[in-house]
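Each of the two complexes below includes chain A, the first together with chain B, the second together with chain C.
Up next is the complex of A and B:
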């Protein structure tokens, strides 16, 4: 038995022992306090509404739905915000990263200032700040920005197809009844935002809340500063000879980046980018601070109503762990061999350190 | 031992060994029993109380950031209704009080795990908390109800007018459940915006994100004092739920529950009998009421029965005053909250504060 495998076995045993001890300890405490571990309580009806739910075909969340349904809605909200912020952060981060390598000192300087500032302030503070700014920036419902006047309701209030105010962006969307499609008829009804509460609030339509917007911007901006540094670092890590050779061949700056530098830099970028994606997904759990009903927020409500803290935390950990493993798996797959483009070099799998 | 010629046969030897072993065990058992026998003075059988008296510390779980109930003042001292009850309890035990600020999510696990000995954190007494979560409520120190705060400009006066409104709530409390129960019962549609902390919820309400803010009426009064223009906001008179707030302990230590319960009742009985923080020492000497004499330790052995000293009630009342004084000091007309006593006065004045007799 080599020393290496002996160490592996020892570490494995240590981990197993610690986990077993923790579980045993927990079981003992549960027994002494007369509590039980189980997910049966989650079948009960939730009893609380969720302010934003992803419209699923065939299912609508109501306070009568079970706790499982509430958790599912929270999870979908987490996915929704993570994906969208991720795309935004990647786009913005790449842009800022490239800006840091610009020839113009003003562009370089502002990008550097952006990165230094955003990286240094804790995310929670940035989220709360952005949320408060959004609430201040937009008008109240009564004086919201309105577009496309289409009717006047019975109280004499004009109805519009789109509203923008400090309760969010409301847009009328068509609702197509898919089940009637096969019979040849197309029934289109409109889900439009309608004034309620005496014209001081709106209900209906596609609603982008200020919570969603704040979280989207906050997560996106915060992660973009880190992604900018990752992109910059990876681009600079490519030997300048590559760039010089490409210029010698007559490529423009853009072509150099697109066909020579970036494909090589991508290999270097993938591991730190993966960490950033994982980080962003987990940071979405701060949504509860701005009122966005993602998984941690919904789980917290359930935890308090049922008292099943152990079970809810287990669900949180399982969900975030699975999400993180999925993201790392997708990012670290061996790339397919490229065919076609003569300029693009063959992408190779990362070398293993044996 | 049996005397036989030469070596005894095998089974007899085994029997002798067995007998000797049994005798040794019996002697050991008797010795250990005598060593752990209860000592001469009556000590409580409560493990929690024993630990508190040994460590000379009472760990009290409070909110820590709720005006009027438990908060830290400018000099770093804890003040508030709940804090005063903690101080009274600590004084009755003769130990120092260590406050542990807990939020709505961590309060129950902290009590369950033993991180705090008692939770006096404006917690509503409900079935699930008493039964499912494994706690015992040992009193109600504030009878409250869930209410709504709206901007005066909205001219809303009843809950029914909140149809279609957005309402800010804090997560992790009975508030969300009550809101939904009450509104679905009345058939009112609304939107709820849920925040983690009280501060975030009030900030969003102030910024106009929602049309109303809901929590216990006492919490509304506390939050209103923190707003930029308190007079621009009005608290609706209508209350949609019962929120009996009180101290709680965990299951499994009835004697400790008795201690907390009866310290609490002592403060109510003190108000009933006219004993105040100022006159408790004088009352001990001069009072002719036999119940007062028993409670203050002049006669009987109530303190000993609880596992405390004779002057447990005197120390508690001297530290925080009686129930009425505690209310006036923290929630009375001279404070920014200025809450009416309402149900929180003695039964003799039409309220619900009622103590069983000290016999």
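Up next is the complex of A and C:
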């Protein structure tokens, strides 16, 4: 026992010394460089616009808003892109994962090639590639890809419901006036993209910028390859007897999957899928490379403007850590089944998937 | 049947989309001569196809960055040393795959020697008659490989230490290791890079010599990857059957001997596929240093369109870089497959 306490004391002293040394140096450096540690400066107005902000009821971001508001917008953008990309990645990943187990060799081969390719190239490179492709390979607004012709305006220009060009994707969306619901009538008007400047630009409708599209597609495709492997592994882990019994009962392949194999595989899938969701949320920080104003991007701008690196980095780490802990905690709270099924592994499982 | 139909429809769609891509990449593309005018039509407009001279002309940048041309032979020599060591090890391991664990010490020694020699060749030292080439001049594929190797070496060792700390019966090492691992795994690599760049220098004495950007990036990568390696080692170590530890204890082996001769060899064999997967992830993660302004393979590729001669040629260098990462990753995956166990599956 004495050896243990000796190690403890020694290690404790070492750690305390190192921390004190670091703090001392920090204080010295702060003083000599004329810096101060504090979040008061964050109350000042940001002075920069944010190209994409989530419309919140009762709040509109302007360059006069405080740095805190800017950070909040960045955080909301992070959440938005993470959730949306996750849905896309889950859908695509499940499809590819099932394709990997198909009895048709061409389907299997293509899915395997897809997974190998996507997993081998860094996410950052994929993001930049997609972004450059959208900016350079997509047509200018005047010659966009157009769908669903619905009217002709007074200048004789045809109007469409959806446009795809190098400024992004523009889609007409319905605007429902909820206040008229009480009077029994439902007023649906359309917020549609309309050509401006003689057809060289568009305004209105739901606008998905190239930055958003690049991040959405890049994150979605990259994560889908890992999700495909997770889905495949979980489905393969179910004993083949289950499938054989289901088929013997007369179920089709699809019914076997839907009612027998998949529900059992789901339990195995959830922890690694949670890890993948965490990974995706952290990877959204690469939005800074394509110009999407998520948390790291906005924080980076603030860092450059105010020079308060300590504070900004602290905020980043706190936010991401809290997100990670929250998500893992929520996923690990699954109730234990009353029958003696095996306990599902923790969501922060040792295997690294990204 | 439906699956087949759906698949061929999708394949058809992809084929239609890939025709113009193929045409741009190869048919309409310009391959030579390697002059700035090669990619312009007689009227002075840019050519409709890919401009591969942009890659050929900047090949040195993409492969070695701004490494002085007169010293490039050293990079070639370093590569030669590493390849010789790799081939030698491959031959010796073919004979006895079963004694993988015990041969580890000789393998590591040769590895270290080869790495040390090639590293010295690349960096250089006046005492050996080689001019020092600062890390700031390294770039392109060279920088990616050096960063990967350094991160792998230091990160795996630190990861092992952290894993042992996390599994320690003593409270303090366990707490420190756990806090470090969970914190680092919970944040994106970019924030760790920014931390190393902006916060870490503030924690050092004011009079200390300033660290190079390379060192800061390497520090961030090592710390980040160590946390992930720690988890892999931890799961590998806990997968070793308890009976092994008990038998070793009964034989009178000390804790260190138990670790070195019983637990670690088995743990490494179990976790080898995951370790290689983590290594592949590590190589891909080095690409992030391009965000903090370093010119690794991806950074150099993104920089090419800024060169006045090749303005606007974004895609060609990016495709080139992507191919390199593909080759690297697939090679490592191949290596992993040699050690993977096959399991009977349900579907």
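What we mean here is this: the second predicted complex is superposed on the first by the 240 of 354 C-alpha atoms of A that agree within 3 Å, B and C clash if a C-alpha of one lies under 4 Å from a C-alpha of the other, contacts with A are read in each partner's own complex, and residues count from 1 in each chain.
Basically, a contact is a pair of C-beta atoms (placed from the backbone, for glycine too) under 8 Å apart; a residue touches a chain by one contact, two chains touch by 3 or more.
Note that this is a predicted model, so its numbers are computed, not measured.
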On the A-aligned overlay, A:289 touches which partner chain: chain B = first, chain C = second, or both, or neither? both
Could you tell me if A:15 is touching chain B, chain C, both of them or neither one (first, second, both, neither)? second
In the overlaid three-chain picture, which partner chain does A:38 touch, first (chain B) or second (chain C), both, or neither? neither
Per the contact definition in the header, classify A:166: touching chain B only (first), chain C only (second), both, or neither. first
Can A:101 be said to touch chain B (first), chain C (second), both, or neither? second
So in the superposed three-chain picture, is A:109 touching just chain B, just chain C, both, or none of them (first/second/both/neither)? neither
Once the shared chain is lined up, is A:304 touching chain B (first), chain C (second), both, or neither of them? first
Comparing the two partners chain B and chain C, which touches a greater set of residues in chain A: C
Applying the touch criterion given at the start, work out whether A:49 contacts chain B, chain C, both or neither, answering first, second, both or neither. first
Which partner chains sit in contact with A:271 here, chain B, chain C, both or neither? Use first/second/both/neither. neither
The shared contact residues of chain A with chain B and chain C are 29, 32, 128, 132, 136, 288-289, 300, 303, 309
In the complex, go through chain A and note every residue touching chain C. 4, 7-8, 11-12, 15, 22-23, 25-26, 28-30, 32, 99, 101-102, 104, 106-107, 110, 116-117, 119-125, 128-129, 132-133, 136, 235-243, 261, 278, 282-283, 285-286, 288-289, 296, 300, 303, 309-310, 313, 316-317, 320-321, 323-325, 348-352, 354
Which residues of chain A touch chain B in the complex? 29, 32-35, 47-49, 51, 63, 128, 131-132, 135-136, 140, 166-167, 196-197, 200-201, 203, 210-211, 288-291, 293, 297, 300-301, 303-307, 309
Spell out the part of chain B that touches chain A in their complex, as residue ranges. 104-105, 108-109, 112-113, 128-129, 132-134, 154, 162-166, 168, 171-173, 176-177, 179-181, 184, 189, 191-197, 200-201, 203-204, 207-209, 211, 250-252
How about chain C: which of its residues touch chain A in the complex? 3-4, 7, 11, 170-173, 176, 182-183, 185-191, 194-195, 198-199, 201-206, 228, 231-232, 234-235, 274, 277-278, 280-281, 284-285, 287-288, 290-291, 298, 302, 312, 314-315, 318-319, 321-322, 325-326, 328-330, 333, 344-347
